[in-house]
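Take a look at the following structure, please.
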Amino acid sequence: MKRLRIMGLVMGLALAAAFCAAQANAEELTGTLKKIKETGVINIGYRDSSIPFSYLDDNQKPIGFAIDICLKIVDAVKKELKLDKLTVEFNPVTSSTRIPLLANGTIDLECGSTTNNPDRLKQVAFTNTHFLTATRFVSKKSSKLNSIEDLKGKSVASTSGTTNIKQLTEANAARNLGINIIPAKEHAESFLMVETDRAVAAVLDDILLASFAAGSKDPGAYVISTDAFSKPEPYGIMLRKDDPAFKKVADQATAALYQSAEGQKLYDKWFMQKIPPKGLNLNVPIGAELKKAFAKPTDSPDPDSYKAM
Amino acid sequence: MFANFDFDVIRRSLGYLFFDGMTFTLTLTSLATFGGIIFGTSIALMRLSGVWLLSRVAGLYVDLMRSLPLVLVIFWFYFLVPYIGQWLTGASRPIRVGAFASSLITFTIFEAAYFSEIMRAGIQSISKGQPAAAQALGLTYGQTMRYVVLPQAFRNMLPVLLTQTIVLFQDTSLVYVLSIPDFLGAASKVAQRDGRLVEMYLFSAAVYFAISCVASFGVRRLQARIAFVH
Amino acid sequence: MNYHWNWRVFWEPAPNGTGNYLDMLLSGLVLTIETAICAWIIALVTGAVVGVLRTLPSKTASGFGFAYVEFFRNMPLLVQLFLWFFVLPELVPHSWGLWLKQLPNAPFYTAAIGIGLFMSARVAEQTRSGIGALPRGQKLAATALGLTTAQTYRYVLLPMAFRIILPPLTSEFLSTIKNTSVAITIGLVELTAEARAMQEFSFQVFEAFTAATVLYLMVNIVVVIAMRFVERGVAIPGYITGK
């Protein structure tokens, strides 16, 4: 009798433990969602001068197309975790610090002008694409530089940590151009080098070049090359790798946004209307490829998958 | 040459430069000095203790920090501290450390090596009679250090410690490499946004010069007053 | 810790087509050493002159020396490099400015001159304290022998002063090597910059910076040992600096 009682007690305890564990597993959050729930804070990485995706306005506050998309993701996270209050903290990042800061936990989302490509997918993950852009160069009209071959032997600026500087470096080696590559810390600095004649050209994503040229003191003096270093590549918002729960929330939020009318309005707000701080209107209508990518949101890193029908 | 000098850009950004930039720089300098001196004094005591292991570890630490460029150390700690935090506290993910905290840790640990050399020189300059007398009076090692040796060493080395603080103040400008907004970083941001490099950099140079000049003048006055004959 | 270690990354080809990542780091090291040596030569020559100026009896000379040292010591090195690199070309006549900006190795020359002048203030201070550490009798005896001021400095004071300050000068040289890393901000692609570039291209943060750390330590050890030989070589037996 006594043995049975003891066995029963042990079985009961084991069942209770299993039940508790199962309960815990059912509620258990992992990765970024866990961190957000525990700390009540989500950290967003923003850029200084990636107009109009993520930049500082006159009051040094981060604004932009990508920032607005990220705030939508934050709303989705808040709903998912059923939080009353979710504090959003903004952290400045540059092209070269964004991946290490995402990996070491300083930021949870990187909202800027980051290209989604297979190389980076080894270190981080991306959510649905929010823009497509190719790598081109800007130069002063007076320099009369039309093709990439014209850059032979000259000084060319680009921003460190970007796919642009990597493509420039590779093209320089492959085509034996003898270009003196000047690495700059931020996009504004790259463009400033061309403005002050320190470099004859700056190699960046063409949308960023358009923004800088349009916002400069003398927009008519600059020309963006038709020659490109790459096919149009997708921009995505970065998150940590191996974090499927958080990615699901981000993917759902961005897909819902892009497919809705709100997404179209958001695009127009930043690309077809006057934007702070100087009231510039970039006037870039939504291209066929991007329209397709909004209708059917995808996080593919392959430029070929974005070709219009 | 100065025809286009735009004083207005300086005037417009004064608030941002001083309230955001300079407060960052000054807070970092004072906290890192405080932490650096405390940590540095412990390292100096470790080196001067009779224990071979402590002495060697402290010696290696000082040699390592003094051989590396500050820029490299800033990069190391910025990317590394969250992982170290995770390892130290056994957390499941890297500990989130912001820009200020990371800079503070970097400068405290880096400058502590220099402060420790200064304090070591200070402690060694105290005549042997002092700790001997303390021992004769029955004070323990800890009490000797706390009440007899360290106060005198500190007072003797105060001008050198303050000079090192001025060096620290100037070194904080190096957080520029990570786009962290200290005074120079703030000036740089305004300069690049408005295309006014000349005005902003000349202004920053003038401000740093003024502050360092006043500070080193103060240290010289202090040195004259504090000097006394043993 | 979800960081992917990959120590073999050093043998992977670098995107700039000049070999593998190790070659990239070594080319940065070469540039570091070149910049440091050029800067040090400028620092020694200028610093010695200013240091001597500070010890001269003439009020204007010592005043100039004092102002020079204060000017270069009270500004951070980074700010000084910015002034040389960004501000100077804008302040000189337009065509000179354009020439300066388009110079093919502008960061190198700017870094060498900027760091050289920054360190020259410290060399000047060392020289001044070295001369001050000599017994007063030396200068008096030289005058008694009929040597002019210039000859006194050249044959009596400076040889001894330099031997006295050789150890602090060694640490100033090591400082110069470390300060070359500040030139990363004006685009000089020296060792720290190459390590950073390697980190950006390959995402292997720790491997890149560990390699840079090891290389700096090695340079340090080589310089310290070399200077020890120099010290022993120039030492005068029987003097405080001779061993």
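Chains here go by letter, A, B and C, matching the order in which they are written, and residues are numbered from 1 within each.
We adopt the following convention: a contact is a pair of C-beta atoms (placed from the backbone, for glycine too) under 8 Å apart; a residue touches a chain by one contact, two chains touch by 3 or more.
Everything quoted here is computed from the prediction, not taken from an experiment.
Which chain has the mean of its C-alpha atoms lying nearest to the mean of all protein C-alpha atoms shown?
The most central chain here turns out to be B.
Please find the two chains that have the most C-beta pairs touching each other.
Greatest count of contact pairs is found between chains B-C.
Looking at C-alpha means, what's the farthest chain from subunit A?
C
What's the distance between the Cα centroids of subunit A and subunit B, rounded to whole Å?
That pair's centroid distance is 36 Å.
So the centre of each chain is just the mean of its C-alpha atoms; given that, what is the distance between subunit A and subunit C in Å?
41
Let me have the rounded angstrom distance from the C-alpha centre of subunit B over to the C-alpha centre of subunit C, please.
So the centre of subunit B lies 22 Å away from the centre of subunit C.
Could you say which residues in subunit B touch two or more other chains, in rising order?
79-80, 83, 94, 177, 197
If a residue has to touch 2 or more other chains to count, which residues of subunit C qualify?
3, 90, 185, 196, 205
So which bits of subunit A are touching at least two other chains?
Expected reply: 100, 103, 185, 196.
Considering only the defined contacts, which subunit C positions touch subunit B in the complex?
1, 3, 70-71, 73-80, 82-83, 86-87, 90-91, 174, 177-182, 184-185, 192, 195-196, 205-206, 209, 212-213, 216-217, 220
Subunit A touches which residues of subunit B in the complex?
Touching subunit A: residues 16, 20, 78-83, 93-99, 177-181, 189, 192-193, 195, 197 of subunit B.
Going by the contact rule set out above, which residues of subunit B touch subunit C in the complex?
1, 64, 66-72, 75-76, 79-80, 83, 86-87, 94, 170-171, 173-174, 176-177, 184, 197-198, 201-202, 204-205, 208-209, 212-213, 216
Sort out for me which residues of subunit A touch subunit B in the complex.
Touching subunit B from subunit A are residues 31, 35, 39, 43, 48-49, 56, 60, 91-94, 97, 100-101, 103-106, 185-186, 188-189, 192, 195-196, 216-217.
Looking at the complex, which residues from subunit A come into contact with subunit C?
95-96, 99-100, 103, 122-123, 155, 160-161, 166, 169-170, 172-174, 180, 182-185, 196-198, 241-242
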